[in-house]
Structures are given as structure tokens and as C-alpha cells.
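Here subunit A shows up in two complexes: once beside subunit B, once beside subunit C.
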Partner chain A sequence: MAADVEILSRRGRVTRLALAVYGTLIYVFLFGPIVLLVLFSFNANRYGTFPVTAWTLKWYRAAVSDYQIHDAVATTLKVAGEVTAISVVVGTTAAFPLVRSRLRWRDGVRVGLVLPIMIPGLLIGVSLLVLFTGPLHWQLSPQTAVIGQSVYTTPFVILLVSARLQGFDRALERAAADLGANAFNRLRFVVLPLILPAIIAGALLAFTLSLDEFIITYFLIGTNITLPIFIYTQIKFGITPEVNALASMLLAASLLVLALAFALPQVIRASRRAVRFGTGRRAARITA
Partner chain B sequence: MTDAATTVPTAERRRRVLPAVASYLPFLPAIVLLGGFFLVPLGIIVCYSFWEVVDYNVVHRWTLDNYHYFFSVTAYVRTMWATLWVSLVATGITLGLAFPFAYWLSRYVPRRLRAPLLVLAVVPFWTSYLLRVYSWLTILGQKGLLNRFLQWTGMTHHPIGLFLYDRSAVILVLIYLYFPFAALTLYSSIERFDWDQLRAAMDLGATPFGAIRRILVPQIRPGIVTAVIFVFIPILGEYLTPQIVGGTGGVMIGNLVVNFFQAAEYTRGAAVSLLIAIFILLMLVLFRRSLSTREAYGG
Partner chain C sequence: MAVTATPASQASEAESGRAGIELRGVTKRYGGNVALREVDLEIRDGEFFCLLGPSGCGKTTTLNLIGGFVGPTEGTIWLRGRRIDNLPPHKRPVNTVFQSYALFPHMSVRDNVGFGLRMDGVKRAEASQRVNEALALVGLEDYGDRTPAQLSGGQQQRVAVARALVKRPAVLLLDEPLGALDLKLRQRLQVELTQIHREVGTTFVYVTHDQEEAMSMADRIAVMNLGVIEQLGTPFEIYRRPTSRFVADFIGDANFFDVNVDGSVAVLSDGTRVPLEGARTSGPATLMVRPESLRIGDADSAPAGAVPGRAVKSSFLGTRVRVAVHTEASVVPLMVAMHGEAQSSVPAEDAEIAVWWAPEDAIVLDSSRGES
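Our next item is the complex of A and B:
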């Protein structure tokens, strides 16, 4: 790359500058609407847009004290919790045979398992609606929404955990077996701790996706409402500052969970490395 | 292998087959969830689309009426073509915008800044989809930023609805929604490109654009195809964006599906859903050679 700089002609410098400006504009495009939304949530003007008359927190207070929002938050969290539990268990168990068993059509099976990600949520929603209300005669409830969301979130867990299992050194398990660990103990004390970062990342991802999921839930939850559905019913009539405040809080929440999803696995890995390194040094000191 | 298997005694074969079956056992929950609640319902949708509704009850009588009906209403057929058109245009522009961005990120940005800048571009993709559509109302809406700006400059005195509630607003928001995904996919394939090849081509007399078109683009084709497919497919089934910013002019095929189901016309809704599914299948079959799920999801 250093040689590149010397070769750079005037045209090269112009290209570099033009692309840098372009890149910056892209970030403005990506974050502009979100930043404006957050900005307007602090604006006293009750139209929820410009002009900014004064800064205020009253829309946040209004949103936080709205009992309809309380209900929606409770339902959303309950659904997200159940979806996370189902997708982690189902996704993690499915990742093992996907990576380890002798599958003839491994790529085909993989594509089949992640197909729900590729199909628009709309189709998952309507097809499950038909199944539940038609042949099964189930009452629509938060539980039916949980099933629908799990269909969509489980493949993400499968992808994350199977990627981690792929890089897994099976010699570790053989070593544990040689030392007398049975299958359960090998799983409990060797495999699970090592793939834990991927499981945690998968859980947090499933949780975020569930928090924000709209279309599948819209069809399957019946008369209950989650936060996205509440917001949707509000914005049919345009922008309101309360929704701006609610939206900002929701954005902050999903960013927080996302940051955890990225940071936690690394923290776990780093702390484990630190422990290993520490014990290694201690052992070296003792032998010395 | 087959010869050996036929001569193996039964007990021996059972000893070999049982562990194999046991090793597939962990698939069971996934098969129940994804088979029972994904594949089976899709199968039911296929059946429904060929059945008919009599007095609000679905009757198991095979017919093509639902499809006949759909194609006999001009507005529906026009919506179908419009949906394909919107998907094509939005996908084209999204990739057109994402390519120079990915090119810049992988070639001109210092190495240590690349990962954080990439994450920054992808973060919006993981935040709420609904809220990202909604955030455009603050810009395009009646009292949105654009109208306020135009009134302030004196170009108009009354807010104009022009920015909202039509097809171009839908396309703009779709580009906004799917740009991060296209950028990520293109970046991850451009990143592996050896820039010396481009320099060599230019030493041999290629123009910069010629070198990009003939050396870089062919090598990252799988990435491009993956980006095209995974931007195009979700747009085909889009519901929220046209609903919120599209108005009557921006209606897409997904809105038709929802309207049919909300009117309890299940079989007609199923037929339209199947049309969407057929378009998706066509895309996947057409591009299956160069498609790579690894590229898209790092799986």
C-alpha cells in the first residue's frame, strides 16, 4: 500500500478524495433519518418535526407512563424471551449433526435449514396463519406468534453455532475421553464452554430480532400487541412526538443488545485466554 | 462400499446404523419446528391457492379460479409488474451505490479503520426495520424536513405531498433499508481481491474503469449475485414500506396478500403468495451456480 501512495497520480488523488467524500455522504444517508428521529423526540413542538422550539423530556415521560405501552412492552419481552429460549435450544442441537454427522447433502441441508431467512416474513406469517386457523383450529395468541418468530430466528442461531463448531478442535474431546470423561461430561465441560460465545451471540441476536419483528407477529398474535405493532398503529396517522420518544428508546435498546452480542463473546474469550495465560505463567514459575 | 454393506451380517450392520441414526437425532427439534411450522404451512398455502371458498369456508375442490381471478383484474396484474419493476430498480440502485462504497472501504481506507467503518455501516441493518421506515416520515412527510425546507426558502407556500405516498418514495426507502446488506456482501468479496492484478491491467494499458469491469467484477461475481438475490427477494415480499410511505400509488404485491387475508379471502391470498414464492424460486434456480450462502451470512 505504501508503494501505492508514491505511484498515485493527480488523478489517483482526486479519485481518493472523491471516494472519501462519497463514503462520508453514505454515512450521512444511513444515519441522517435516525439522528433526526432521535432529535425530534427531544423537541417540544408537538408535530414531532421542525422547527425545534425547545428541548424537553416530556414525550419520554408521556411514553413511559402510557399503560398501553406498558402492556405492549410486557408482551414484547415475554415473546422475545420464549423465542430466544426456543431458538437457542433448537438451533444449537441442530448445529451439531449439521457439522459433525456424515451427511450426504450437507450443503442442501444447510440451505434447507436457513431457508426461513431467505423467504420474506410475509409468507411465513400468512402460511402459519392458514395452518393455525385452518387445519389446527388454534386460537391466535402470543404463543402462536412465538412459534412464528422462532421459525425465523432459529436459522440465525444454527448459522452462528455451526460456524463455531466448524473451527472446533475435536482432539480436545478425544483427550477428555482418554482422561475418562463420559459423553455427557465431554459435552458439559469441554464442548459447551468452547461454543458458549456463539450461543450467547445467537441468543442476543434472536432476542433483538424478536423485539423488532413486525410482519409475522402482526398476523399471528391475534388481539394482543407488541411494541412494533403498537408503533405501527400509531404511525398510520403520521408522526407523533410520543412515538419518536418510544422509537428512540427502542433503538437504544436494540443497539445495546447488539453491542452485547458483539462484545460479550469477545470478553468471554479474552477472559478465558487471560485465565489460561495466568495459570500457564504460574505453572512456569513453579517449575522454575 | 455397497458390496461390503450387503455382505455384512445384520447385527454388525445394526451396530453401524444405530450410531448413524443417533447422530441425526439432534435434528429432531429443528425438523419439528421448521418442518411442521415452515414447510407444512407452505404446502398448505400451495393447496389453498388451488381450492375455493364457499360461504367463507375453504372447500377442497381443485380449481384454477384464484389465479384466473388475479390475472383478470388489471389493477392486480399492474401491481405485480410494478412490484417487479420496483424490485429491479431498487436492487440496481442499491448495488450501484454499494459498489463504490465497498471499493473505497477495501482499497482506500487504512486497514485499522476498515472493520469499525464496516460495522458502522451495517449497524442500521440490525436495528428495527419498522423504525427505519418510520424515520423517513420525519424527512418526507407533510410536516417533514423537505417540506419545511422548501417553505422556508419560499419555493412553496403549502406543504406538498409529492415526496411521500408514491412509488419513488418506496424505492428511496427500500434503497435505504437494504444498502447495509449489499455493502457488507460486496465488501466481503472485494476484500479478498488482489489489487496488484488491477495495477497490472493498467500497466498493460487498461483504463481504470476497464480494469475494474474486466478484472475486478468477474472475480467478485459470487458476491454480486448474492447481494442481488438477497436484496431482490425481500423486496418482492415487502409490505411495511409501501404501506407507510407508498400510499395508493406505491402499492406492492405484498400489500395485496395482506388485503386478501384481512378480507378472509384466504385462497386468493394464497394464490398471490404462491406467485411471490414462484418468483423467488425462479431467482434461486437461475442463480444457484454463483450463489453462496457463506458470502451472505458467514455460515
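Our next item is the complex of A and C:
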């Protein structure tokens, strides 16, 4: 590394500096507003802007004790939970034929199933709204929003589980069959444990996406409100510090779930190792 | 003439009155390709049986048919008198050691080995004891708590063997189980596998393309080519009495002559008349002589029926010296292997010499078979 720097020409050094500044600016552009939002949520100034008059937690207290927010959080979590369940079940079962079957239009079917990621949420929202309220005469409710969000989140699970299945060694299933495992036991003891990390990652991703999904939900949830919709309605009357606090908490929750999504597979692996070493040590002690 | 069985196969013959596995008229087609062509095969109970052949000869298909991973297009498969070709793999008393081992990466060695017993609902205490026995059999008693990723290739291979044997199958199928290992380790595991076979007495059906491996382990070998069994016999029979040019060529090294058989004499293409053992039907044929059966000497001191030639090149190969001899009797140079004290009389390059052999070492092959 040091050698690299030494042989760098003067112009090279200037270029490198310019790139570093450019990169920093992009980061500031991306994350500056979020930092400000979090900063203002602790600001005692009741207009929620500069100057920072004093540090306080009262906006958080206000947000936590607001019954409207309680309702919104409850609805959001309920919707996110149901969306996660549907996405995982539908996405995982869809991934198997997409990877393994000799379906005639397999590639076409795959594109079709994954397309909702690229279709504008507006389109999903409006088209389902027309379907539900028109031909089906359904009452809009959190359940209709769950259906709409699942259309959008399921493809993510499909993609993650498919990728895992693609690299799955089919010889393991043949070995399990050879050792007396029927189809259910092969799935239960060999296939599912090995694709579990992808399923968990898919579930957490679906949960996070659902948590702050706005467009589809806005069209389909009717008179109920989720947290993003609540924030939106509040902002219509001006940005209050309470909204800042709420958004900050939403941010923290999203980050936490995402961190879990990435960390969990490692944690599982590490805990397995710990268990193994644990038993190993015990065995060693017994023999010693 | 020693066409009799080796001691090992005599023993297995004595132990078993009936066929362990039987294939009757089995054909397997994949679309338009014929992988196996009306194969009839009997494998005796308790024997170490090798399916040997080049890739695409149908040996792995045969194994998969016995294991139940593919079904026959035509024909039936029987195990100890019971028809099994209509049973799924998990209902056959047959277990497999896969080429890639196929150990479950998320389970410990102990759980891998115990998997089959768990599927069968064997009680915990008994299962645990049998797992211990299986691990002891392959010398891995102390490795039960590791995962497959923490084992070397040879150890993984042993786990695969233990996992397949713990269910006490009627037949153990092994699909090129040593293919991924280096030569030294392979040789050691060959010895270990034959020891394990002797210890457990289960029928082993072993697929390989390595003729040395097959020769060193098997009681009997079926040499396969293009979906048919070319020859079936003990390693000794197959090496010394090949019935087709393909088998002679595939097992060990061989020199071939295009000859015209005339009673008890074969006429080589250079006009040399060599005596044969016994009388044969007259006509064109292929004569095969192993490199180690050839003798080299001065042209003037050679016996009758010696082929005149010229030494082209000699190579020192440690246990033997290989001499290439150009003759008028064959297009490619003859390969002569000189062992022991004979190595001191290796001819100089370009020396005019003669090559001869004992009549019983020359095998007359039907020239129409095995030409592909």
C-alpha cells in the first residue's frame, strides 16, 4: 500500500483527492437529511428546525403516548406480520418449481413472478383498488393492503430462496432418499435447514419493506392508517418535532431488522459452532 | 491354464447359494440414447463386485438402477429373490456411497451417520451404539462431533462409508468413491475398503473407471462398454483371458497383431508363423500378447516363431524397463516389459533383435468384436 502511494505522481494524488471529496459529498447528500432528522428529533425548539435550543426527549415521549400513533403502530406491525407470513410461504413454495421443474415457460414464469419489483407501486395500488372495489365489491381494510404489499414483497423472497436453491447439491437429497427419508423427511431434515438462512433473510426483508411501504398501502388500506401514512397526514399540517421523533424510531426499527437479516445467518452458524465445540469439550473432559 | 477363481471369489461362491442382485434383460434409454442394452447380470451375495468401464459405458446407470435413482425402461431387477425395480430408493435395502460423498453439511459426523437409523425410527440408545460401531469400523471414533467441513477428503469418504453401512444394507453401492483423492490415499483406502468388506460381509458393488482399482479390490469384475457387459470374471480371468479386443485393451497394456489363423498356427502380417495353444477355427483374427509375456533376444539365437524387429526406444520405469520394438508384423511398435534380472539385457537402441512368446500367452480374439 505504501509503495503505491510513493510511486503516485502529483497528478495522481490530486485525482485521488478529488475522488475522495466527490465520494464524501455523495455520502453527505444521501445521509445528511437523515442525520438532520434524527438531530432535530432531540431538539427542544418546537418548530423542529435550527437553531438547536436544547436537547430533549419530550418529542419521543409525546410520540409514544399519542393514541393515534399507537393505533398506527399496531396496524403497521399487524400488516407487516401478515405480509411476511404470506411472502415467505408463497415465495418459498414458488422458488422450488422455478429452480427445479422442467416447466416449459420457466424463464417466462420467473420474469412474471419477479416483475412486481419493477412495476411502479402506483400501478399495483391503482389496479388492485379497481379490482377490489369494482368487480369484487370488497371493503378496503388492512387485509386488502396486506394483499397489495405481498404482491410487491413476495418476489424478494422468491429471488433469495431461488438463489439458495440454485446452489443446492441435489446429491444431498439423493443421499437422504438412499438412507430411507421419504419426500417429507428430505424436505424437513435436509432441504429446509439448508435454505433456512435465505428464508429468514427473505422474511426480514419482507417485514422491512412492509414497515415503510406507502404508495400501495395508501390506495388499499381505506380508513385505517399505518405509521408512514400517519406521518404523511401529520406533515400536511407542518413538520412537527413529534414527526421527527417518530420517523427516527421508524428508521431505527428498519435498521435493526435489516441488521438482523444480514447478521442472523452468521449468528446461526456461530451458535452451531459454539454448540459443537461445547459438546466437543465435554467429550474431551469425559475421555480425559 | 489358470482360469479358476481366486481364493476370495471361491469363498464367496461357497457362502452364497443364490444371487444377491439380479438384472434381467435391463435396458435403460434416455430419450434416444441407450445407456444400457438388455443387460443380464448376477451379483452373488457377499461378493465384492466391480463395474468397470470408460465414462459413458453404463456402469453408473447400472448402479443408479440398483439404487433406485432411475428406473429401467425394460427388464426387471431382483434382490435376493424379491423384485425391487418398482420400489423407490428409500424402500430398498440398499445404501450408496456417493462420488461426492453427499454428506449433510449442517449435521455433525455423528448425525450424518445416524441419519438413516433416525429415518427408520431406531431407538436412541440402539442408534447411538450402532453409530459408534460404524464410526469405529472406519476408524473415526473421535470425530463424531465435527462437521464434514472440518474433515479431510479421506475422512469424509470414511464417514460416507459408515453412514451407508450403519443401516446394515443387503448391498452397498459405491460410485467411484475414491475418485477425488490423491494416489497414495486412494491406495490406502482401497486396502481399508476391502478389509471393511471382509469384516461386514455385505455385498459391495463398486463402480470405477480405474482398472487397477478394480483389479486390486474386486472378487469379480464386469467390464462394460457402450451399454453392454463385454466380459465378466475374476481379475485374473479378465487380465489373462480377455474375450474381446476392448477388454484386452482396457485392462492393462496389450500388443495386438492382425493374423490369419491356420489350424494351430497364426500367420502374422510379416509372414512369421507362430504356434498357438490348441487348434482354432481358421480365418482372420486378432492376436493379443501382454508386454510382460514378450521375450527379447538376438535374432540368430531366437526360437522358431520369433518376430524379427528393431529396438526403437527403451524407458526405465522403476519396477520395469519398457522397450518399444518396431516390427513388420504390426503398425504400432510392440511394447515389451522387462522385469527383474532381465533388465540387464535391455537391447541398445536400433539393435536388430527378435521378439517371441510362449504359445499359451497369446490370446486369439475374434476380430469382429470390440473394435470401437
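Remarks
Here is the rule we use: the second predicted complex is superposed on the first by the 257 of 288 C-alpha atoms of A that agree within 3 Å, B and C clash if a C-alpha of one lies under 4 Å from a C-alpha of the other, contacts with A are read in each partner's own complex, and residues count from 1 in each chain.
Methods note: a residue touches a chain if its C-beta (ideal position, glycine included) is under 8 Å from a C-beta of that chain, and two chains touch if they have at least 3 such contacts.
Everything numeric here is computed off the predicted structure, so don't read it as measured data.
Once the two complexes are overlaid on the shared chain, A:26 sits against subunit B while remaining clear of subunit C.
In the superposition on chain A, no contact is made by A:44 with either subunit B or subunit C.
Of the two partner chains, subunit B is the only one touched by A:159; subunit C is not. In the superposition on chain A, contact of A:179 is made with subunit C only, not with subunit B. Judged by the touch definition given at the top, the superposed model places A:171 against subunit C, while subunit B stays out of reach.
In the superposed model, A:190 makes contact with subunit C only, not with subunit B.
When the two complexes are overlaid on their common chain A, residue A:123 makes contact with subunit B while staying clear of subunit C. Across the complex, subunit C is touched by residues 169, 171-172, 174-182, 185, 189-190, 193-194, 272, 276, 279-280, 283 of subunit A. In the complex of the two chains, the subunit A residues touching subunit B come out as 4, 15-16, 19-20, 22-23, 26-27, 29-34, 36-37, 40, 47-51, 86, 89-91, 93-94, 96-98, 100-102, 110-124, 126-131, 134-135, 147-148, 150-151, 154-155, 158-159, 162-163, 208, 211-212, 214-215, 219, 228, 231-232, 235, 238-239, 243-244, 247, 250-251, 254-255, 258, 262. Those residues of subunit C whose C-beta lies close enough to touch subunit A in the complex are 67-69, 88-90, 94-96, 98, 100, 102-106, 108, 115-116, 119-120, 144-147, 163-164, 167.
For subunit B in complex with subunit A, the touching residues are 20, 23-30, 33-34, 37-38, 40-42, 44-45, 48, 58, 97, 100-101, 103-105, 108-109, 117, 119-121, 123-124, 126-132, 134-139, 141-145, 148, 176, 179-180, 183, 195, 208, 230, 233-234, 236-240, 244, 254, 257-258, 261, 266, 269-270, 273, 276-277, 280, 284, 293, 297-299.
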